């Protein structure tokens, strides 16, 4: 999975029927030092991630291993809201610090 | 999924039989700032996207999760015509503005 | 799918049994302006593409959605010989012009 | 598979239910000369890899070919802790040397 | 598939049980001119490729379309030892020449 930050949303009314009711988030990837990368992904979200939160995004067929999405034409899904990331025993990100 | 702009079409008469009747669009990817990227994708389209529209393209096995395409050798499909994209609460793209 | 030009062939006698009888083409990718890119792919071909022709190549599990190839360990297949590519209503490639 | 070094961990309480109990490691990829690359991956771990160990990471649908993870929305898993890597008959990495 | 050169081996004793008995080769990719690329892949090998040989490597779910590997968490497999590669009717590689 990749670490990404919730940057925005994508809205569409004219789409595959099976995508109805799926919230689509615009995620921007983050490198192992916490910097925003140029790559982004539009992913479905069923965990309820909010703006600026760090999330884990899964891609490929794994994105359909979620209840109700087995037959959706989705290649990326948010699967977790990140509490903390530690690198070399150093805390790179802590959600609590971001929201105090 | 990736955000892409409809740039053109690809026509083929000599192809896998299962691809008959599938419209093939040439899509060019767009970055999170709305700029055209050098990457493109030829994708099937069943939602009826038109020239210059912004669309969502799904890739990999997800492209076959569409009625009638389950057994087609297609690795990319247009799954939505985008109405709007918002980044950091700013409207990056609004389809209505493009067509006024 | 990606647009690619047939550049050559790959021959192997010592291979997985299920690959017997599959013609393997060396394809070089082409960008949206018609220029050769550094990326290439070795793909199976059952549509009969010839040297210098422009083709569509599908990758991933889609490459096995072809009669007789469902269980072959192939991750790329030629699925169409391209007649024409149009970008912004301009003809980028026309097979007839190439062979006159 | 890719060779990667265990750099850290990712913790999440709010996530897909099926991810409960899966340890998530932050892996950084290593090139064929043993240098750290900028690319990383967050992968599930059921083999018990520790900090700084070199591991093999598998991606895509292969990450679900592990007992108990068949239906998990995971696109990367640690599948082996590396003992040694040899390139051109030269020992590039030997786990024993790292831990003496 | 990609063309790669066998550069070395990876040894692991602590791994997923289903990987037992699978030889793991370190492959380095080769471009369409025969030059070594920085990208590598660790792949399973059941065809018996030897050091410095040019091979075809398949990636993704195709790597499991091999007898006995259907449930292995492997995302890359050697599927052929290359005899020759021809580009624009010029012989780029000929195995016999390499070993005389």
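We call the chains A, B, C, D and E, going by the order they appear; numbering starts again at 1 in every chain.
Note that a contact is a pair of C-beta atoms (placed from the backbone, for glycine too) under 8 Å apart; a residue touches a chain by one contact, two chains touch by 3 or more.
Here the structure is a predicted model, which means the values were calculated and not measured.
**Q** Treat each pair of touching chains as one step and give the shortest count from subunit A to subunit E.
**A** Between subunit A and subunit E, the shortest chain-hopping route counts 2.
**Q** Strictly by the touch rule at the top, which chains does subunit C share as contacts with subunit D?
**A** Touching subunit C and subunit D alike, sorted by label: E.
**Q** Does the subunit A and subunit D pair touch with the same residues on each side or with different residues, judged by whether over half of the numbers are shared?
**A** Here the answer is different, because the shared fraction of interface numbers falls below one half.
**Q** What whole-number Å value describes the gap between the mean CA coordinates of subunit C and subunit E?
**A** Using C-alpha averages as centres, the distance is 21 Å.
**Q** Taking each chain's centre as its mean C-alpha position, how far apart are subunit B and subunit D in Å?
**A** Measuring from centre to centre gives 34 Å for this pair.
**Q** Could you check subunit E for residues that touch two or more other chains and list them?
**A** In subunit E, 60-61, 63-64 touch at least two other chains.
**Q** Does the chain-touch network form a line, ring, star, complete graph or other?
**A** Chain contacts: single closed ring, each chain with exactly two partners.
**Q** Would you mind giving the ring's chain order, read from subunit D onward, with subunit E coming straight after?
**A** D, E, C, B, A
**Q** Would you mind writing out the residues of subunit D in touch with subunit A in their complex?
**A** 7-16, 18-19, 24, 26, 28, 38, 40-43, 51, 60-61, 63-64, 71-76
**Q** Spell out the residues on subunit B that touch subunit A in their complex, using ranges where they run on.
**A** Within the complex, subunit B contacts subunit A at residues 1-3, 31-32, 46-48, 56, 58-66, 77, 79-89, 92.
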